[in-house]
Structure formats: structure tokens, C-alpha cells
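Input: one structure, supplied below.
Lettered A, B, C, D and E in written order, each chain numbered from 1.
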Amino acid sequence: MGLLGSDERPRDVILGTLDDLINMARSRSMWPLTFGIACCAIEMMATWDPKIDADRFGMFFRNTPRQADVMIVSGTVNKKLAKRLRRLYDQMAEPKWVISMGACANQGGPFRQGYSVVEGVDKIVPVDVYIPGCPPRPEALLQALLLLRDKIADRELRYKKPREIPADYEIMAEPGKDGRIPVL
Amino acid sequence: MSQIPIPEDRHFRPRLFGYDPQKSRPWLERAVYSAYVFVFWLLVITTYAGVPALFGALGWDSGWGFVFMRALQVVLLFLLSAVLALLLILVLRKYLGKVQERFGPMHYGPAGGIQTIFDALKLLAKEDFVPAAADVLTFRLAPAVTFVASFAMFAVIPFASGWVLADTNVGLVYLIAVSTLSTYGVLLGGVSSGNKWALIGALRAGAQMVSYEIPLALVFLTVAVWSGTLSLSGIVDAQLGLWNFLPLALPFVLYVIASLAELKHIPFDFPEAESELIAGYNVEYSGMSFAFFFLAEFVELFLLPALIVVFFFGGWHGPLFGLEPGSLAAGALESLYFTLKTAVWVWIFLWIRATLPRYRDDQLMEFAWKAMIPLALFGLVLAAYMRLIWR
Amino acid sequence: MSTMNLEPVPGRTDEMIVNMGPQHPATHGVLRVVLGLEGERITRAVPHIGYLHRNHEKIEEARTYPMVIPYTDRMDYVSGTQNELPFVLAIEDMLGVEVPDRARKIRTMFFELFRLASHLVWMGTAMLDLGAISPFLYTFWDREIILGIVEKTAGARMLPNYYTFGGVRRDVHPDFFKEVADLLDHLERRMVDYEHLVLESPVVHARTIGVGVLSKERAIARGVSGPVLRASGVAYDVRKAFPYDAYPDVEFEIPTSPDGDTYARFWVRFQEMYQSIRILRQLLELTPKTGPFKGKAPARIKPPAGERYRAVENSRGELGVFVISDGTDKPYRVKHRGAAFSNLQIIPDLFIGAKFSDAIAILSSLDPVFGEIDR
Amino acid sequence: MSLLQEVWQAVKAIGTGMATVHKRVYEEAPTEFYPYVKPDLPPVSVQSLALVENEDGSERCIVCLQCERACPAQVITIERHRNPEGKGFLIDRFDIDLVNCMYCAACVEACPVSSIVTIQDFEMSTYDLRTLRADIDFLHEQARNSRQWYSPKFGVEIRTEDGRIEKAPPEMQPGGLAEILKPAEEVDS
Amino acid sequence: MELRLKQERLFDEDIYTVHPEDYRALCEKLKADGFDFPRAVSGIDTGYGLRVTLHLTRLHDRAKVTVRTDVRYENPVVASVTDLWPGVEWYEREAYDMLGVRFSGHPDLRRILLEDEWELHPLLKRYDTGGYPIPGWEPKAWPDPDPWTPPPPPEPEAGEAGEGGEAS
């Protein structure tokens, strides 16, 4: 990141370094929210068990969304839960990140054809890292957390740029064909 | 089978890892803890010996100079409590890791040594949120009240002979007054959050306080009766021959239990009760406000074991190896003894945290009112009687 | 509809309506209970479920019979292959498929392994609810060992899709029997520690004894099954009552307790783990090391038109499936009877009058798993 | 007396519990240092899917659509056309939606030629879901990047250093493959 | 009173097919017979109407019994047996939720898995997996002349796949 001879905007030495430091701190102190939904939640718990021990990377669960940084959506999100999930996401303090764990959270997985399942949690909250698998191994979750770590560390201060709700979030709120009242 | 190398050129998948396997390095962990303890010790020496010596040399040890000296000492103590919290959180996580057959934080910094610094920085930069239903002023005030109340206990803690900010002869009364205040912070925070879980947590904190404060005060009284003084330095001095935990065994046990309750520590962590009240009184706090609650909790986790040491384990007493009492070297050694004795008690508290489940809140109250208060009264009478006979 | 959303009673100021869940650390998933609290005492409790409803029964109507098996896995996700068994048994009944003896024994071994895994998860999370952190980590490590054994044979840790009509999908790994024997030795050592940490702990005694008492009559009428029913003194166990697979060949007891309180439910689960170890030890002796692992099932599964209700005793109680076939290769209707679904109905019975902290202990002793409840 | 005994019992039990916990300090932690040490997965472990080609680079898949029909989650999409020069079919499109796949390995069970196989690559997390739509090139590449894979018909196969595909030695094989692993002459006799 | 019912034996359980008006009376009789353990209540869309199947067990001698009754789509009302076996409360709610069977006398009949505002009864055969109506779906005719007797089992070769199955 040279100051000279670069096409990029010259980088502020002091504030840039501070940014880096804070992002480094954020990326190395990600506290997930205790929010288990389905099968993946058991593997999510297993990620903190002695065999994998994600606590080695400074992550431990906080029960309250205010103090959590990462929401791990570990399971199928149906339309009844979606409102709650969005609310939990809104309750989390900035900056915040979402990991979509498992097929169901990614796109509904094997249940995506069902009448009550939301096809992907990214319709409700913006997702940073996706993990395939049904359920993913604990190692896969740890890999995703480390991917997220790298994503955070490369960025500028997040709270300056609040996330945007996905464009099709509103589209989902229109009534369905058969008189079902969508719940979002 | 696991040695099959994964090819490097996976075009679309982000790659992460090119590190060598890491192993647990116990000597490194010990070095990290020792470094923290050393910094802590240095800060203690600077606060209690360095600053007065400096001001004395400059001739500013009276009038406004004295006030400045005390202010500087308080600033240093604040630094010291920050170091303490960083250390204790790290130790807690590493110790929990150890007893749970895993490793605590270990990949950031030497043996995970700067993990808590990252945590603190992150909390510093995190959004500090005030809920719409909250009473803003009280909500903002509560963490400060909690922290200041815990921090104020430092004033009367003697780290070595003469190494105390205010060697007042009403030290015990001050302690009772100040330690109660920290519960007010919890109460205010819980009630002002506008959250039902926080409210329940706050109510539990209040209920808990009225149950443990009375036996705690009775134990203070017992110690005062036995030592014949209300000053903490005097209490330590009175234990020169015999540490109090032997003659005052019953009050000592009661004091440990009451300390656990005052700390809101497992098995009595009802106001926080992670699995019941989500996070209890601090459920709505985020960012720095939460960090202050955290800080207060861990400062108390040092101070209450420190008080156990002061009251029952001879405070700073220990072999001086011929050093002249009152000298800087002797003071340093004494403060080290004090710190190490406290560390043992902190470890015991952490050990309890790692083992025990949580009681129900009414069980503590029942226990406090039906067992601890009569026993504390009995201990008081017994101590007074023994004092009459023996001294 | 007074209980719909639990409106506050007008003029009553001493009651606080608290919404617990779906994101509450002690709800083991996505249960939501709306509680009326008078101080710490619960005056009203209305459970809300359905936050994990993912259309199992509707989707399974659109799948062929072999395709349904991996879906059943996802119901009681803590106890893996146990869910597959009632469906497999029902279809085998309808088809008249013979299951080789060795396959039945292998199935039973996996069944009991997953019972151990499930009870270990229960123990860890129950102790976490009560406030103790360490047992959670210990039990999860033991569970990892079990899952490692399962993965080596079945190919997946939690939801292996291992049973099939007429037996199991593939033979056990050559190391399987030795590893299971080692596991049982290991578990027997660890159970001593768990007794110290859970059953003998005075704090656990204080929290659980006399809390959430469920009477025998109420338990039966509510359709409660599994450890919760047996803790109320009813020796009803599908493994004994309607034996299936290799259970007629092994000796075991049904632990029951007359107390019906939370501690009894803890105790019964502990004894079940001992019984599982006992069953597995017998099966280690009984199971032939080599032999057929799969009977002759038709390539295209098309049961004759008819219906069948089969039940097994999974970790939570009677897990039943009611399959209706219309003669095609897809089930006409699959109805799952989740044990936890029935067990969870007693929440209002047990919660009302209890302290809030007791409610947490009671809930953890019911051990709900929401994949099975909401389906 | 009984009260004292009760108190003593409680103290003893708490002490036993604390000793039980403390005992762990002296035991070695079973932690696998995951990102630094890859887990030792059994060869049958289903972590991802791949499509194996023959040694000469020709397609093993005969496009029989068995996997598509067997897939419970319905994530396999195959389009084919008749081979104008010989018999059989040619692949137009072979997609596996690894996002929605439930990794039950039903397709692998169904495959008559062991073309679709399971591999142990679980590190598939991604920033973008589009990376998980596996087309035939990706599936081939997954197989090419793997040194070993598993299918019920052929058991564990390994790719040797010089690019040949062989059956793995018996100690790498899971159970139930005795007849597959027998040497050819033994099968004949 | 003579109950309008038909009894069969299938595998190890007795199956009673009963007129919906007599369903409650039969259940009371079974309760008096000592069938104390409710296993499940299943709602089924048979193509011509809705069916409620109740599985019961007698714990002491492990006798199993299945009671089933058919109602029309137009008036899917079945008497609730929640007061006999409180354990069926949620199962009846589930059958209402999934199929729209209304249980008269149920203390708290509302949706259990889906949200209260929904109008969909998803397990009805007229909806596809996604909950959208299948175009051209028509209910089969109610069997005549015996209104409570279920129709004969569909012939497998008749090509009527996906419609009401019966055990014979």
C-alpha cells in the first residue's frame, strides 16, 4: 500500500492504520450469537467442542444479540421464524455479520420446495459466508468463520456503511397466489 | 490418508491456510501470564511506592501536590484494573479450556496472549446501542456506577505494609458501603434497559444483595472484633502470628460463600444467569457499556479474593528474607506475596466456576437467611468469646 | 381464545408477560413459550411451536420410498439413524422383506450408539442450562468418538442415511467392533465422572429434586413416552412392548423411577445409558463379524396398498410412523409421531406454579428436539 | 447429626466434582488443530461429490439418469442426447446443485458405473453461492483434484502418481467389499 | 346403541372404521376398555374426504387399536377426544392445521405449526408441495350407497395413482 505512485487514493497513514487495527481486532474477536435452529445447530455446538475448539480463535457464544458480532444461521428458516430472525438481526449492534450454515439456510436445501420454507436466509438478512453441507462438518464451520475473519480484516470500518436489505426482500412480502398470507 | 496434498490451484475458492501446524506450548503460556503479572506488579510498585517517592522527592507531598499525587495514583490504578481484567479474562478462558480438555484462545499472540486486547478493542469500536425503551441517562450511568463502585474498593486494599491509598480507620465500613453500590449499578442497568429479562435480572440482583450483605457485614464485624480494628492494614497486622482462617474458620467459610454471591459468580450468578435470563441485567448493553460491566466483574473477581486474603490469610505477610520492613524491596516482595495469595483464591473461584451448576435464586436467600445469618451471629459471638479468653 | 397470545389481564399489575424464545439459550432450538410471571413464579405458560416446520410430511408424499429415508433423518437430528427405523420397518412389513439376522443386529448397534450420542448431548445441554459449563464439553467429546465410529461406516456424522429396506446400506467397517468395544470402555470410565458431576452434585439435587413432578396418570393420559414416562413410574418401552430388530435377543432392563420429578428424568436417562452400554456389549458378542448385511428387497420399492403404523423407542420415546401406501412408488401419506411432540405438551402442566429457574430445568429434562416436534 | 452428615455429604460431593474437573488439567486435550492439520476423514465420508473420468480422459458416465431419479433433494440436472456415432448417450449438461444437496449419497448408490463418487473435500465455504453450482467441468475438476474417492460399487479408488486409477489397498477399504477386493483369479475360481 | 362400525385386523392391531357420529361413542367405549395410551392422531386426505385416524395402546397388555373415521370436505367436523386422552390435544390441533379437520369440543383449536393468519391447509391433496393449488384437481365422489363405509381399495392397474388407499 504505497503512498506514492499508486492509482489509488492516497491512504491516510494514521487513520488507515487505526482502521486496520480495529478491523484486525474485530476479525479476531468474533462472538457468535447463541441461536441454534436445526440439525446444523448441533454441529455448530460441536465446533466449540474439544475436538475442534473454535475458542482457539477467540470466538465464544454470547446469548444476547446486542453483544454478538456474528449470527450463524444454523438450520432451516421457515416463514414463521423469518420474522424473528430478521428481528434478531436488527437487534444486533453494528458491525455484524451473518454466516449461512448448511443447505437449508443457503437456499432451503432439501426442503426448498415446501410451502413454509424460506428459500435462503439471504432473502431476509445479508449473508457474508455460505457453507454447503447437510449438515456441514464442524471443521467446515470453522473454515467459514476463518473466511469471515479474512473478509473483515480486509475491509474498512463497517459501521460507516450500514448494510442494505436485499432488493427482493420487499418482493417477498406480496401475497401469494392461493391466498396464503406471506409472513414477511 | 489425510496426508494427500490438496492442490493449490482451485480457481474460485478462497484459500486460507498455509501455516504450519501449531502445538500447545505451556512454557509460552506461563511466560504470557508471568508477563501480565509482572506488568501488574510493576504498576502496583509504581502506584504505591514510585509515585509517592517521586512526589516526595519533588516536595509536592502536601496540599494540592498531595491531591495530584492521589489522582495520579488513581489513574495508575485504573490502568492496573484494565491489565487485571485483560489478564483475568484470558486466564478464565485458558483455565476453562484446560479443564475442559481443550485449549483456550491460543492462535492470536503468543499462546493467545493478546486475545483479550483484541476483544477490548473490538468492544471499543462496536456500536454502543441505547434501546428505544430505555431510560437513556440511567442506562448510560449504570455501567459507570458499577465500575466505579468496584474500583473504589481499591482505595482501602493494602498491597503491602503502608501501600494503601487511604489507610482509614473505618476501612470496613467503607467497604460495606462501596461494595453495596455496585449492586446499584446492576439494578439501575437492569431496570433502565426497558427489557423484561434485564428487569428480572435486576430484581434478582436486589434480592440477592439483601440476602448476602447481612452475613457479609456480620463476618466483617467478626473480623473487626477479633482483630480489634476496623482498618484493613490493622487487620493484616493483627494476623502476624496466626492467620485468621484458623481461629475464624466458620466466618471464613461464610465469607467465601458470600463473596461468591457478591461476585454474582457461579453457583450464585442469578442476575446474569446466561442460560435463564439470556444475559440478565446486561442483556441490552453492547459495545463499551458492556465492556464496563465486564471490567467491573473482573475487577471484583480480583478484589473479593483480595479481601479474603486480607481478612483471613495474612494479607501481605510472608517471609521477608531479612529485608528491612518498610523498604522498597520489602514492599515489593510483600505486594508480590499479596498478589500470589490472591491469585490462588482467584484460581479457586475459577475452579468453582468450571465445576458447579447454578442454584436457584430463592435457595440462596433461604440459605442466607436460615443458615448463614445464624451461623455468622454464632461465629461473631464465638470470636468475641475467644477474644475475651485469649487476649 | 384466551391463551392465544397471552394478553395481560386488565387490572392485574403483578403479572409480567415474558416471551421466552425462539432464540433463548435454554430452549434447545426454537421453542417459544409465552410465560406469565408473578415475580419468579409462573402463572401461565403457552408453548408455541412450528418455528422449524419444514413440511416433512408434504415433501415425503412427493418422494419415492427410498428417498424418504434421508428426510426422516432430519427429524430427530440428534439421534441420526434412529429416525429411519420406524419407516424402514413399516415398509418392510408391507413388503414382507426378510431382514438377515446380522443386519438386524447391526441396525440395533447403530440405534444404541445414537441413543448414547443423544443422551450425551442431552446431558451436556441440560447441565449447560443448569449453569455448569464443563460437562457440556466432556459429553461433546464423547459424542465425537461415537460420531467418528458412525462416520467410518456410514459415511456421515449425524444424518447418515444408513438403514435401508432389508438391512443396512453397507457393511460395517472392519474396525467397527473393536472401536465400539473401546468406546464402551471409555464411556464406562467417563460415566463415573458424569455421575460425580451430574447425579451426585448437591446443586443438581437442589435444582431438580421435587421439581416438575409429573404423576403417572397424567403422564399416560398425555401420551408422554420415553424417559419422561419411565421417570413417572411406567415401565413402557417399545423395545420391550413391541420388540423389533435385535432387541428380543438381548437382555436389558427398563429403568423406572416412581418420583416423576426432574431428577428422576435425569436419573432414568443415566440408567438408560448404562443399559445401552450393556446392550452394545451383548451385541458385540452376538453379531457375526462377517455375513449378509442386506436382505433381498425389490429394486423398485412399491408396497401394496395398505397402511402400517410402526414405532420404535428412540432417545426421546415412542417414535412412530404411519405410512399409507396406494400401491405406487410414492407414499400416499406419511405421518410421523414424534415423541418429543407428545412430551412437550406437558409444558403447561409442569410449568405453572414452578419458579422460572425450575422451568429451565424442567425443559432440559424433557429434552425436546425441534426437528421432530415441528417436522 | 443427620444435618451434619448431610452437610458433609454435600461438601464431599462438591469436592469430588471439583476434583473430577481438575483431573482434566493433566490429561492431553484431543484437539485437532483444524486449519493447520486436516482431519483424517474415513474414505467413505460424504463431504462432496465429483464425477470421475477414465484414465484416458473419456467420460465414465453413461448418462443413464439413475442419479437424477434417485436424488431426494432433486438437485441433479442432466440433459443428454443420443450418440450419433455409436450406442449410448452423450452429456449435454450435468449439474449438481451443491447448495441444496443433502449429501445423502443416494446418487452414488444409484450410479451403475461408479462415475459419480463421494470425495472428502469439505472446505467448500464461500462468499458467493454461485461458486457452488457445480457443472460438469467443476465436477471433473473435483475428481481430478482428489487422490481418492469412494463409490459403493468399486469401493475406494485412488489416483496414483502417474495418473492411473486403481483400487485402493484393502486396509483403506471400508467393510462389505470383500468380493470386490478379491484378486481376479480368486473370483474366477 | 349399535355403533356403525366395521372391524378388521391388520398385522397386530385392530382397526375400527366408524361413522363420524359414532366416533366419540366408540372412543369412550375404548377408553372404558382400558386403552389408556394415545399414540397419535393422523389426519389424511383420502381424495373424497378427510379421514382421522386415532392410534391407541393399552399399556398393560400392549393391545393396539386404530380408529378411523371419514368426513366430507364440506363439513369436516369430528368430535374431539381431548378430554378422554389429553395427549391428543396437539395432534388434533396439528390435524386441524394441516388438513382443516375441525374437532368439535376441542378446548383450544387453533393452528399449531403454521401461523394463525394462514388460510392454507397444506396437506390437502389439492395443493402441491409448495402449497399452490394443483390445477384441475377434483375430489372423488363420496362412495354410495353406504355413507360411512370407505370405498374399496383402488386397483393398482387402474392408474388411479395418488388417491385414497385402504387396507384390505
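Here, contacts are C-beta pairs under 8 Å (C-beta built on N, C-alpha and C of every residue); 3 or more make two chains touch, one makes a residue touch a chain.
Worth saying up front: this structure is predicted, and the values here are computed from it rather than measured.
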Open item on the list: Please report the smallest number of touch steps linking chain A to chain D.
Closed with: 1
TODO: Find the chain most remote from chain C, comparing centres computed as mean CA coordinates.
DONE: B
- [ ] Based on C-beta pairs in contact, work out which chain pair has the most and send it over.
- [x] C-E
TODO: Could you work out which chain's C-alpha centre is the most distant one from the centre of chain E?
DONE: B
Open item on the list: For chain B versus chain D, what separation do you get between their C-alpha means, in angstrom?
Closed with: 50
Task: Centroid spacing, where centroids are CA-atom means, of chain D and chain E in whole angstrom - done: 43
Open item on the list: Roughly how far is chain C from chain E, centre to centre by C-alpha average, rounded to an integer in Å?
Closed with: 26
TODO: Would you mind listing the residues of chain E that make contact with two or more other chains?
DONE: 114-115, 122, 129
Task: chain A: positions in contact with at least two other chains - done: 49-51, 53, 56, 63, 80, 110, 113-116, 134, 137, 143, 146-147
- [ ] Could you list which residues of chain C touch at least two other chains?
- [x] 25, 50, 53, 55, 58-59, 62, 70-71, 74, 134, 137-138, 141, 144, 159, 197, 201, 203
- [ ] Can you identify all of the chain pairs that touch?
- [x] A-B, A-C, A-D, A-E, B-C, B-D, C-D, C-E
Task: Footprint of chain C on chain E - complex, ascending - done: 10-13, 36-40, 42-45, 53, 55, 59, 62, 64, 66, 85-91, 98, 108, 110-116, 122-123, 128-129, 153-154, 156, 161-168
Task: For the chain E and chain A complex, residues of the former touching the latter - done: 114-115, 117-120, 122, 127, 129-133
Open item on the list: For a test of understanding, state which residues of chain B touch chain C in their complex under the given definition.
Closed with: 96, 99-102, 196-197, 199-200, 203-204, 266-267, 269-270, 273-276, 278, 353-363
Task: In the complex, chain C residues that touch chain D - done: 63, 66-68, 70-71, 73-74, 134, 138, 141, 144, 151-156, 159, 161, 169-174, 176, 193, 196-197, 200-203, 290, 293
TODO: Going by the contact rule at the top, pick out the chain B residues touching chain D in the complex.
DONE: 1-2, 4-7, 10, 12-14, 16-17, 19-24, 97-103, 351-352, 354-356
